[in-house]
Amino acid sequence: MRRNVLPGLSLSLGVTLFYVGLIVVLPLAALIFKAASLGPSDYWAIISSPRAVASYRVTVLSALGATAFNLVFGLALAWVLTRYKFPGWRIVDAIVDLPFALPTAVAGISLTALFATNGWFGSILSDLGIRVAYTPLGIMVAMCFTSLPFIVRTVQPVLEDLDPALEEAAQSLGGSDWTIFRKVILPLLAPALLAGLSLSFARSLGEFGAIIFIAGNQPMSTEITALLVFIRLEEYDYQAAAAIASVLLITAFLMLAITNILQSRALRYTMKG
Amino acid sequence: MKIRLDHVVKTFDTFRAVRDVSLEIESGELVALLGPSGSGKTTILRMVAGLEFADGGHIYFGDQDATDIPVRDRGVGFVFQHYALFPHMTVQENIAFGMKVSKVKREKSAIAARVDDLLRLVQLEGLGDRFPAQISGGQRQRVALARALAVDPKVLLLDEPFGALDAAVRRDLRRWLREIHDELGITTLFVTHDQEEALDLADRVVILNQGQVVQQGTPEQVCREPGSAFVTRFLGDTNRISAEVRGGVAYADGAAIAADGVANGAAEVYARPGDLAWSETGPGIAASVTRVLDRPGGRRVIAITTTGEHLEFDVEPELAVRAGQQGFVTLRRAQVFAAG
Amino acid sequence: MSAVQSSRRKPPRVGDNPIFRRLMIGIVLILGALLVLAPLIVIGFEAFSEGWRVYASTLADPDTRHAIFLTVVTALIAVPINTIFGVAAAWAITKFDFPGRRLLLVVIEIPFSISPIVAGVAYLFVYGLQGFFGPLFEAYDIKVLFALPGIVLASMFVTAPFVARELIPLMQAQGRDLEEAATSLGASGWRTFFSVTLPNIKWALLYGVVLCNARVMGEFGAVSVVSGNIRGQTNTLPLHIELLYHDYQAAGAFASASILAVIAVITIIAKVALERQGAGRVRRPALSTPAIPAAEPKP
C-alpha cells in the first residue's frame, strides 16, 4: 500500500465504505437475493403476467411521452434562460428547480386538483373533450412535472459555455440562424441533451408519489409498475413484489449505464486535453 | 542543512518518474533542478519535501535519514507552483498559519512581530490585510515565500517559482530571490524548466531527463562542457550538423572539428548560433542564405547547406548579406558527440 | 472609437431576431406558469378553500402535529449522519488515489437512479420479518420497520449522494495543494480540515445539506413502504397528506401540503442564495459521476 502524505484515508474511507455498504449495497443485495431465490420459471411467470406487462406498457409509454415533451420544452427553457435576459429571468431560473424541491406527494395532489374535471385546467380541458386526471395522460403530466429540471439543468451549462466564436464563424460563413442552430449548436448540445433525456426518462420510470394521486390506478390501464410493487406488498405477496421490483432495479441500472456512457460522451467536447 | 539523495526511485502506476537518482546539495547552496516536463524534477522536489514518498533509496537531511519523516515534521519550506495560498485567509493569516499550528507555542505578539518582519523581508508592508485574490501574481509569489520562511525551515523548496508570472516580473523576482537567499543563507532547491532561469539564479544546476540526472555542475561547467547532445540542445538554440569522426577529428562537408575522445563513425556536431561565422570565400561548409532576420541586437541568418541541413547564425548588423547569396560557414566553437 | 460603438451595439447572435425572441419567451413563460407555477399556487387555494378555520384546525390536529414532529426528527437524524458521510466520502475520493475509486463514485450515486419504491422494498428484505436481519431483530424486540429507525434508514438511502455529490466536484477542482501546503507548514489532519478545507467548501456543503434536508422531509415512496402508515405514530408529513387526501379531507391534505410547499420555496431561496456564494457552480449534469482523471504522473 502506498503511503499517503495527507492524513485520514483509513478513517474517511472506512466511514464511507461502512455507510455505503449498510445503507446502499446491503438492501439492494437483499432485494436481488430475494428475487433470485425464486426459480427462473416462477420469476418469469410473475414478471410476464398480463397485469405486470400492462404496467410496463403504461409506465414506459407515459415516460416516453413525458420525455419527448420535456425534450422540446426543456431545450426551449434552457435556451431562453441562457440567451435572453428579460425582467424576472432569475425567478424563472429558480422556479425550474421547484419540481426537485417540492415533495412528490404534494406535487401529486396539486396536479390532481388542477387537472380533475372540476379543477382549473381540468374544467377547460373537459369542455374540449380531453380528460387528464385518472387517465394515462395524467401519468404523463405528473412525469413531465417531476422530470422537467433534468433536461434544463443538463443543457443549460453547455449552452452557457458554448464558445460564441463558433456561432460567429458560422455567421461569417453565411449561415442562416436556423442552419447554424441545426448544424452547429444542436450537434454540440446533442450529448448533453441525450444525457438529460436518459435522466429524465429514468426518473419517470421510477416516479411514484406524484403519479399515484393523478393516475386512477386501474389495473391493466393506469397502473404503473412502481404501484404494482406496492400493491403486491400490501397483499403480502413478497415474492411478486421482489420480482417486479427487481425489474425496476435492473432497468435503473441499465439506464444508469446508458447515462454514464452518454455523459462521458457529453464531456468529450468540454474536457481539456 | 546538507541534503543527500541516495539511489532514489519513484514510480507512478507504471510510469517510472525517478530512476535511481543520487544527488548532494551542500549546506547553504542554491541549486536548480532543470529538465523538460516529465523529467522527474518536481517529483524529486516533492520527495525531498515529504509530499511524496520514495519507492526506493534514501533521503538524508544532514546525517539524519529523512526518508520516512512525514512532511509535517520534516521542517521544510515549500513554495507551491500555483502558491496554494489559503484563499479565505489574509496575507498575514497565511504567513502566520505555520506558526499558529506549530507544536511550539508562540505568543500572539511574537507571531505578529514575526509576520511584520517577513512582510518587510518580502517587501509587502501594508498589504497584510489583503486577501490573496486582491494582490498581483508577483505579490502572491512573495507571500508564498514568506509563509514558507515563517516556520524557519531547514531547507527551502520551490516548485517552478516563477512559472506563472510574466517576463518582466520574473526577472525582478529572480534577482530578489537570489538576494534573499544570500541574506538568509538557507539551503535552497528549486525546480524549473527554463534554462535561463536556472543558469541565472543557481550556484549549481542539476539537469534531468527521463527521471535521471544527465549532468550537474556550475552554470559555467554545464554551458561550456555539456556532457551530451541532450544537454547541449536543452540549454539553448543550437545547430546540428552531421559529421563523421576519423581519428579524433570530425569531418562535416568542408569543415574539420577537433573531436578528442569521440569514437570513429557517425557523429553530430553542435554549435551555437553565435559560434558560427559567415564568409563569402572558403574554406568552410558551403551554404546558401535563405532568409535574413533583423533583430534589435543583431542580424540572424538562416542558410541551407548543400546537403540540405539548415543552419542559423548571427552576424554583425553591418554585414551585407541577402537571401540567395552563396558562401561558407565556419565553426569557431563546437561540441561533437557520437550519433545515436 | 469603434470599440465604444461595438460595446454598445453587438451584432445579433443566433436567435436574436426580436419576433422570435419574444415568441420564445412568451411560450416558455406561459408553459412554465401552467406546468410548474400553477401546482404551487393551487396548494394555497385548496388549503384555504374551506376557510381559515379548517386550515388552522388541520394544523392543530394532534396527528398533523405528530407528523410534523416525526418529519423534523427524521431530518434531524438523517441529515447530519448523511453530511458526515458526504464529507468523509469526498475527502477519501478527492484527496487520495486508491483502487476502486470510480466504482465507489458510481455506487454512491446509485440511489439517485432507483425508484423510491424499490428502495423501500429492498429495506423490507433486510429488516422485515422475511428479510436478513428481521428474525434476529424480532428476537431481541428491536423494531426497525414500521418505526422511526426504518423511516430514517430509508430516508438516508434516497439522500445518500446529496452532500457527497456537491463536495466531490468542488474538492476535485480545488486539488490537494492547499492541504499539502498546510501539512508542510506543520498542521495536523484535523487542523488542516477545519482551518483550510472546510472554509473553502462551506457553501457547497451547506448547499448539499439544504437539498438533502428538502428531500428527507419530502420523501414519500420509500418511507411509505417501510413506515406502515400508522396514524399518529409512523406517519411523516407526506404520508399524512396521502392519508387525509384519501380520507376525503382534501382541504386538510392541502393544508398539510402547504407546510411542505413553504419548505420547498425556502429551499429554493436558500439554493439561489448559496449559488450566489459560489455553491453548486462547479456544475455537472445531475446524476453523473464526476470525471476523475486517472492519477497522473507528476512531471
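Labels for the chains are A, B and C, by order of writing; each one numbers its residues from 1.
Throughout what follows, a contact is a pair of C-beta atoms (placed from the backbone, for glycine too) under 8 Å apart; a residue touches a chain by one contact, two chains touch by 3 or more.
Source: prediction; values computed, not measured.
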For which chain is the distance between its Cα centroid and the global protein Cα centroid smallest? C
Chain pair, A-C or B-C, that carries the greater number of C-beta contacts: A-C
When the C-alpha atoms of chain A and chain B are each averaged to a single point, how far apart are the two points in Å? 55
Roughly how far is chain A from chain C, going centre to centre by Cα mean, in whole Å? 15
Geometric centre distance via CA averages, chain C-chain B, whole Å: 51
Can you list the chain B residues in contact with two or more other chains? 50-52, 70-71
Chain C: positions in contact with at least two other chains: 180, 183, 188
Tell me, which residues of chain A touch at least two other chains? 2, 5
Of all residues in chain C, those that touch chain B in their complex: 177-178, 180-188, 191, 195-196, 199-200, 294-299
Quick check on the complex: what are the chain B residues that touch chain A? 50-53, 70-71
For chain C, which residues count as touching chain A in their complex? 11, 13-17, 20-21, 24-25, 27-29, 31-32, 34-40, 42-43, 46, 81, 84-85, 87-89, 91-93, 95-98, 104, 106-111, 113-119, 121-126, 128, 130-132, 153, 156-157, 160, 176, 179-180, 183, 188-189, 192-193, 211, 214, 217-221, 224-225, 238-239, 241-242, 245, 250, 253-254, 257, 260-261, 264-265, 267-269, 271-272, 283-289, 291
Spell out the residues on chain A that touch chain B in their complex, using ranges where they run on. 2-3, 5
So in the complex, the part of chain B that touches chain C is made up of which residues? 12-13, 15, 17, 37-43, 46, 49-52, 70-74, 76-78, 80, 82, 84-88, 97-98, 101-103, 147-148, 150-151
